[in-house]
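Presented sequentially are two complexes of subunit A, the first with subunit B as partner and the second with subunit C.
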Partner chain A sequence: MSANAQPVAPVAPATKSAALLRTDGVSIQFGGLKALTDFRLSIQQGDLQGLIGPNGAGKSTAFNVLTGVYQPSQGEVFVSGTKVNGRKPHQINLLGVARTFQNIRLFRALTALDNVKVACRAQTALHQSRMGVGAKLANAAHNYADWWKALLLTPSFQREERRLTAQAEHLLEVMGLSHRRDEEARNLPYGEQRRLEIARALGSQPRVLLLDEPAAGMNTREKADLMVLIRKLRDDFKLGVLVIEHDMKLVMGICEQITVLDHGETIARGAPAEVRSDRKVIEAYLGDSYLESHGGAA
Partner chain B sequence: MAQLLQHLINGLAAGTIYALVALGYTMVYGVLKLINFAHGDVMMVGVYMGYATAFAIGREARGSFLGIAAVFAVAMLGCALFGFLIERFAYRPLREKPRLTALITAIGISFALSYGFQLDIGFLPGASPRAFPEIIEPKEWLIIGDRDVVVWNWQVISFLIAVGLMVALQYLVFGTRFGRAMRAVSWDHRVAALMGIPTDRVIALTFMLSSGLAAGAGLLYAIKDTSVSPLMGLYVGLKAFVAAVIGGIGHVPGAVVGALVLGLVEEFVVGYAASTWRDAVAFGFLILVLLVKPGGLFGRVAAEKV
Partner chain C sequence: MESPALSIPEAPSLVPPALRGILPLVIAIPTLALFHWSLTGSDFATYLLSVVGVNIILAVSLNIVNGMTGQFSIGHAGFMAVGAYIAGYTSLQLKEVALSFLPVAASDQVLFLLALLAGGAAAAACGFLVGLPSLRLRGDYLAIVTLGFGEIIRVFVQNTDAFGRALGLSGIPQYSSPGMVFFWVFLVVLAARRLAGSSHGRSLWAIREDEVAAEAMGVDTTGYKVRAFVFSSFFAGIAGGLFAHFVPIINPGSFTFVRSMEIVVMVVLGGLGSTTGAFVAAIFLTLLPEGMRSLFGALGTEGSLAQRVDQIRMPIYGLLLVVLMLSRPQGLFGTKEIWDVLPRWLPRKRRGLA
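Let's turn to the complex of A and B:
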């Protein structure tokens, strides 16, 4: 593996104080329905946070706001200190936010390698992501030039193509998918499709990784492996990670901080032990059965 | 036997031209799920650009390699720009509207172009067909027997240009970052955007590419037909659309196969039955294919995503 194939570390390490991803009083409304109210979140490098709540609590809405799919009705979203309200999803991804999906959404007809390569960045594009907002116009011009290079098959384009392949191959290797390199994504077994989604998300060299129910449909053994994997990815890729998950054992097992949503409102936040014993959380989410089996944690 | 060979050659020559236009339909459908009914008319505009260029460079330069290259370059680049403008100002504002809105807009643009070009004001050419200048002087390239089979030089050149463009396209779609992005957008444009792909730009480039290819195809058609008219886009566009549907719309190699099959079917009808039956048989063939394979030869009948 050549040196330039290492997609691992971001160019400039974030300063300790600056959050990679931060929301400030974000609310979002669909017609009369308040899907999210005064949502606050701050993720730093090395964080492993959880986002839980019953169905319809606003977890997916939160992910959609963080990635630019929905625009907040109120409040602000910052990525590495840059305000991203009004930015398009692909621009926010460029700034360093990538996600996976609860119901796997791979490019099913593309090979595993191509799925990852689609997300992999040209080096030029990466530099742009470190640029300020002021250089937007020059940025756009540069982007066009970059895409035309692909059409014109210049030697620099060919080099770029080889670099992208190496980068994607490396990520497949990290996720244990090297043997599936040239298979169409739809032909992979379920668990490998989930891992491929993570590889694809890592292809865009994010600083924050959002995982939407990564353990859905996995058995106990796979879940245990996944917990190890998520920690390893956070450390190796120097990420901040936010996980939506229904599996309490997994969330409580790996997350250092957990935010609990109910009806769009944040009803609790804190370390797993605190959240687990919070009365409101137990009522809203964990439910009576949890109380029974744990003899009334409150 | 010789007659069969002659028809095969003519059919293939026609089919490759249809293929280039059909690829435009299929690529745009791939990324936008839009049947771009204005595609044939965009092609017609490209042909007129080439027509104007051929006159601008003069009679002497026309037959030279550089002359031909200039005609094709101006027509294809100009048409790509034209396609870009249509996408930017006609289709993009309707992106989030129901699909039918864009479809009706496409039909509107189609009519605006094909009938607008029949006006006789300013640079517009007027309704009557015009002779397309001989940018390739016709010569027999190959004669078998006592003129049993004749292959013309323009047939060979046209075939080479068409195949060259298709090979280039194949490489672009399956070997480059742009092609990968295009396939990703075609599969799921929302996820593609979340993976950092500028979907608007990919769609714009797809339109430019399909319009440029159409202009190239239109020129080849005009050379074959030795004429150019404002209504040629409706006719060629419709046939190419049929070819794309036969192959399975959205399927790139399918469009090529569909076009070749259609070209051959038409040629055999003209050769062995009557030329007046040509269109009836072409559309009848489409109906037949769709009865047996509703998604086209290579297409899949997709269940609507919920």
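Let's turn to the complex of A and C:
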């Protein structure tokens, strides 16, 4: 790998305050392994960004840092201006960041509808981070009282259940899964499982949607549909979207900005055309020998 | 097509929503009263029914943690012990007290209820203290901690004068009756079924299915696990309290690790996640030794096997589990309820809420 001579285009500083999701020089280390070095990212509403890189480049690690699964060794992560270092994944989700998983992680024994309802329901929880003891006790009391409502089937509980059902049904419809409403998630075909994961993520009413290889295992036709769908979701739900994807056609086709990782370092950032002709990117993907035999960048 | 066992039916019901919560009570209480009065004949039948009921409460409540939430608690007898000793102790202290504005029998039952709730609350508090640190972690920590807790409680009681040390507590007023026990059976089944069908239950199922994904979708997994555990511990405490009021003496020997494992076996046999499965398995496993006793008694003239049923009971449980794991690893009903697996020609209960 060549030295990091060329500086990578910086994140536009003027829009920092408006960013829904922003990282500031995030690094993460597992023992001696630097999985991510000085990772910078800024996502605004309406963005459709891509995150690419060879296998093991740190893309999924980046997702895990953004969603609170891993804590950064250095640097800070902000969601809508709030610093979220040290917060738990569910707290970050409640602040408006939802994700899908590379290897589908649906609630397999639950129906499609219930999968979405779990995410919808969680959003009614009180935000619990950084609270005093008094507020925490009040919150705990609220949570236990909520269980009693369910046990007594109070009218307010039933109203809430109906609202959740309606909301989840709507999301299933948006994702074209209405006909699978009462089927267990594990019985859905692969492509539909991927779409159900997106529906579930939308159930948590995110402002930023992180998609980890949404097209993996899909055929060409499904991929084309997915591209249209992702754009539509961004517009209809007013989201900022970050996509990890190996399929170059898909990434180059829909993303307006692409960040390229290799060995945890950001080696390029920019519009698809720029990234595609970047020497370092080609090197990372195809190796030095390719460049030597083809005499430089394409 | 798989039946959606975990969803709430949206079908309109004839019962107005406000009444839906109370209706089961309206039906159940007279039934239980009838049941209670019909049973005054035999002491042994009364005792056996009470034991069956207590085991149902234990199994159904443990199923909330081990089945629905997918955790692994193996110290249920410990929480039962807390309930039994606290409730028993309370009743002993209040033995001479009578509420003057009530007839004696009614006063006793009110005091009994108080003692039960004290036992349940103490067990729930223990559940909270045990659960909060150990449920933050994923995996087997809960099993280790609950195992330790069960033993600590037993040893603690064995060395505490107020609880009668190894001799146990005796002279606890025998307030309990099958009617009272089955009233609580009814409550725990209703609560478990309602929980399973509610949004909270869905969050528990989600944790069971994939904790990482549940957390990522905004479910406060630690909070939910602790609440499920407290809920389960409360009913274990109630079961212990009931137990203390129909056996002549409670001692640490009644709440050993073997007792905990019995309850785990009931839940696994019934199907992890199935309330009615735990219910059926609890009845089956409680009556099994009695059945064996009668059977061996009828077969062998000496009756030696019949006398040793308590010793051969555990190997038989083990054998049963091995057979189960080989032939039906998901348990009797899996995560489904009895009405989901009944033959088609039988009238089926509507899926969902109890």
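What we mean here is this: the second predicted complex is superposed on the first by the 236 of 298 C-alpha atoms of A that agree within 3 Å, B and C clash if a C-alpha of one lies under 4 Å from a C-alpha of the other, contacts with A are read in each partner's own complex, and residues count from 1 in each chain.
Here is the rule we use: a residue touches a chain if its C-beta (ideal position, glycine included) is under 8 Å from a C-beta of that chain, and two chains touch if they have at least 3 such contacts.
In this text the structure is predicted, and so the values were computed from the model without any measurement.
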> Does subunit B (first) or subunit C (second) touch A:42, or do both, or does neither?
Replying inline: neither
Using the touch definition from the top, say if A:111 reaches subunit B (first), subunit C (second), both or neither.
second
| said: Is A:165 touching anything from subunit B or subunit C once the two structures are fitted on A? First, second, both or neither. | reply: second
Is A:74 touching the first partner subunit B, the second partner subunit C, both, or neither of them?
neither
Of subunit B and subunit C, the partner touching more residues of subunit A is C
- Message: With both complexes superposed on chain A, which partner does A:102 reach: first (subunit B), second (subunit C), both or neither?
- Response: neither
| said: According to the stated criteria, A:277 is in contact with first (subunit B), second (subunit C), both, or neither; which is it? | reply: neither
- What is the contact status of A:183 with respect to subunit B (first) and subunit C (second): first, second, both, or neither? second
In subunit A, both subunit B and subunit C touch residues 67, 69, 88-90, 93-94, 98-99, 101, 105, 107-110, 114, 117-119, 121-122, 125, 143-144, 147, 150-151, 153, 157, 160-161, 164, 200-201, 203-204
Subunit C residues touching subunit A in their complex are 1-2, 4, 6-8, 10, 17-18, 20-21, 190-191, 194-195, 198-203, 205-206, 209-210, 212-221, 223, 227, 231, 335, 353
Within the complex, subunit C is touched by subunit A residues 67, 69, 88-90, 93-94, 98-99, 101, 105-111, 113-114, 117-119, 121-123, 125, 128, 143-144, 146-147, 150-155, 157-158, 160-162, 164-165, 182-184, 187, 200-201, 203-204
So, in the complex, the side of subunit B touching subunit A is made of residues 172, 175-178, 180-181, 183-184, 187-188, 190-199, 201, 205
In their shared complex, subunit B is touched by residues of subunit A numbered 67, 69, 88-90, 93-94, 98-99, 101, 105, 107-110, 114, 117-119, 121-122, 125, 143-144, 147, 150-151, 153, 157, 160-161, 164, 200-201, 203-204
